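Notes follow once the structure below has been shown.
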Amino acid sequence: MGTLQNRGARHPIWTFVVLVLIVGLAWLIFAPWPPGLEQAMGRKRVFLNAILSGITLGALYFLVASGFTLVFGLMRNVNLAHGSLYLLGGYVGYRLVEFTGYWLLAFPVVFILIGAFGLLLQHQVFRRMEGEELRQTLVTIGISIVLADLMLWYWGGQSYQVLSPDWLTGPMTLPLISSIQANGEAVYLSYPRVRIVILMAAIVIGLAMWFVLNRSRLGMLIRAGVDDRDILAASGVRIQYVFLVVFAFGAGMAGMAGIVGGTFQSLSPGEDTRFLLASLVVVIVGGMGSISGAALGALIIGLAEQIGIVYAPTYSVVFTFLIMAAVLAFRPQGLLGARH
Amino acid sequence: MPSVAERLSAAGTANALHLRGVTRMFGALAALTDVTLSVRSGERRAVLGSNGAGKTTLFNCITGDFPPSSGTIRFFGEDVTGFPPHERIRRGLRRTYQISALFTGLSVIDNVYLACRGVSRGRFSMLRPRGDDGLMQSALALVEAVHLTDVKDQRVSELSHGQQRQLEVALALAGAPRFILFDEPAAGLSPTERQELVEILTSLPKHIGYIIIEHDMDVALRVVESVTMMHNGRIFKEGRPEEIESDPEVQELYLGGAHGGGHA
Amino acid sequence: MAHVLPTTAPQRLVVLERIPTPVWGIALLLLLMPAFANNFVLFQIFGWSFILGMIALSLMVLAGYGGMVSLIQMTVAALAGYVVAILGTSGVPQISLGWPWWLHIPLAILIATLFGTLVGALAVRTEGIYTIMITLAIAAAFFYFTRQNYVIFNGYTGFNNVIPPALFGVDWRQPVPFYYLTLVCAALSYVAVVWMARTPFGLALQGVRDNPRRMSALGFSVTAHRILAYSFASAIAAVGGILLVWQNAQVVPGTAGIPQVIDILVIAVVGGLAHPIGPFIGALIYALLSVFASDILLAFGMAGERFKLAVGLGFLAVVFFSPDGVLGLWQRLRARMQRRERDLRPGNGEARP
């Protein structure tokens, strides 16, 4: 995984293109739009909403996909029950919030509960199937079927919405100009506070993960294992412990993401499949085993989905698919994935 | 027998393989340094040396798994230094692997048949039924040559280790090879199996030359007419088997004073 | 597997040699089935089993012979069904073009096969374990797209009234004709796969499964073989898809929904990936369970709706105790019986295993 600088130096044309796009996007976001642009592209407020929704959705996808990519990258385990863990965490979180009234408290509790479940799975089930990748994946399929039906049984088919706490409810004003009034005064965009807070939290968590991966011994082991499993085994470290930690962490993250999703959107049967698929696409686009890849992939997919929904509703799926197909065709290991 | 120097100066006329100044670096580590080596057509040579001497790297360069950092490789007079592996295979170069690379789900005869088909022209035969007698006869003959006719229909996964090594040799013999690289063919074989291996190697058609990497001096010295010793990525001595065997420097470095120190 | 010596015997006979004896017994039984089974069994259980079996066979070709576990087969099948509905006649005249059967059926197979090949081209250039992910993601994209697109695919509603053409004056959707139609298609695809497995292409595919590096070193193009395997498999799935659409008389996005896509994998695994008869065994089990599961569950005192739970637990049991499916179970049973026979034979000086 070369550093961005190295890559930039090696592909000057692409770097230039990307820089131009970023500058262009920044201008679109921060600068007031001239009337011609508004006529061509619709109102700036709509655009800003789409962008922000895309970024915050990307944050949610990142939270879910980060665990998936680590488990896949390190243990070569395509955990198709990952979406079920998400939904389970969401449902449990809902009950906790309903019961205690503390939204924040739900997070660590769900992390521990779902993480423990993940620990159990890794220790009792997957460890015994070490090396049989297909068999592990089949087991995850079975588990997802069982969990889906159990959750349907207990929670039924209706939608649940996790209520965000008072201090998070309502809009906040962002320093982004959405339009200029006739008297020359700028109108600033107001946007749901909870989404911004979750975006901040996702960034913090992402940075924390990056920090652990790149600066701690555990992180070094994980990165080495993602690159080459045999080196890890040969280093004498008890890789089973590393696997346990990673799987439990991934499960816990998925569970917490469930609470987030339940707050942003809602929880219902079928959301497990939806977020499993989102994780798949994010990892395919971003690259397996890479946290920064998951972040980049999540951002791209989130933006593509939201912009698609706003500007070309019947074809938003096609956008996501085209992005995925393009990555597969031109850079099969993912945007930030290492070529094996 | 002409000396090494004389053979070198005759390079380009009848040489199957001619390496000149081949160096291969892995980062700062020099796996091969300035290797110059000539093998005549039909010649049988052993490359010996301790682990890390660079023998397998030498093979990998010759087959084209990776290019040398510098130097040239000529195969029957043609400069193949930049050629990818399948180009070299099409010109008659073959190789066996230290860890058998076989098709475990298929039978012995299937494995050999695939090897025959792979190196023949028009191998993209899709959905054509197997009425291809010529290729099948060649495959059967090869299976016979490596003494595996009794088990030809057995799955590779059911074969013993020794039988798998014999099959490994058969794959290298498919489709008119001109020169073969044998990478530790005797690894893990019992004494009887080693004897069989020696028989197979010595009964190969005279025009097929080969280089054999081996730790077992017993096997190696019986199937070759010349020996190259490597040490730390360089060629350190060349000569006839008897010369090498009795050379005091070689004895000290590799034989520990006693002959036949090759591992089982 | 019987070794094929170069003889003057015609090729077809040789293929038939490779079909295991029990299958002949089953074949005979199936031919005579309409004599003693009722219409529901013929149409709903066997017809459906043959169709699902074909689609699962398509998966088995890729997974068992090619070492690639692909989840795109059901999608390929559904696409073929959609093309038949779009190019042929249906209850949605504003989209359906009404082309004749000898045009729209081959085109449907062609388009679906092309789609499968393209997916293969995208999927084979990455490491093996990625294949499941990629094919699942593409299958999902197809599902969502058909659900949202009204211009071509008629969205949520899909196409109804998609029935087979009345060739030779027969209403092919009647139970007995449909039974034989699906039986013949299933039998042909079974024979085709058995035959393919021993051709140079089939052998090369298995070689690619076992040791792609060696195959490449022997001069084979690994990527090309894999992609062509997708083409072959997709053709079979396409035929299955057309039959499926005729059976349901409709095609909707849910035909290739995620649960359906995964069910094909479940069927193939439960049946066994080792031999082409496996998928059909799995399909029969699945069809029986689907039809009778509620009754079975009720008999055990459980709520009839917990069908999926039972399937999931059953699947987990198979993966834990017999990962090579019913076929694997059968192999082990046979081996045990053979061993017992050997041990019991008098004067047997052989050492016990």
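All chains are identified by letter, namely A, B and C, in their written order; residue positions are counted from 1 within each chain.
Basically, a contact is a pair of C-beta atoms (placed from the backbone, for glycine too) under 8 Å apart; a residue touches a chain by one contact, two chains touch by 3 or more.
From a predicted model like this one, the values you see are computed outputs, not experimental measurements.
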| item | value |
| --- | --- |
| Category of the chain touch graph - line, ring, star, complete, other | line |
| Core chain by centroid distance, with centroids computed from Cα atoms only | C |
| Centroid spacing, where centroids are CA-atom means, of chain B and chain C in whole angstrom | 44 |
| CA centroid of chain A to CA centroid of chain B, Å | 51 |
| Length of the line joining the C-alpha centres of chain A and chain C, rounded to whole Å | 35 |
| Of chain A, residues touching chain C in the complex | 72, 76, 78, 80, 132-135, 137-139, 141-146, 148-150, 153, 273, 277, 280-281, 283-284, 288, 313-318, 320-321, 324-325, 328-329, 332-333, 340 |
| List of chain C residues in touch with chain B within their complex | 1, 3-4, 6, 11, 14, 195-196, 198-201, 203-204, 206-207, 209-211, 213-221, 224, 228 |
| Parts of chain B lying in touch with chain C, wherever the complex brings them together | 63, 85-86, 89-90, 95, 97, 101-107, 109-111, 113-115, 117-119, 123-133, 136-137, 152-153, 171, 174 |
| Of all residues in chain C, those that touch chain A in their complex | 69, 122-123, 125-127, 129-130, 132-134, 136-138, 140-141, 144-145, 148-150, 258, 262, 265-266, 269, 306, 308-309, 311-313, 315-316, 319-320, 323 |
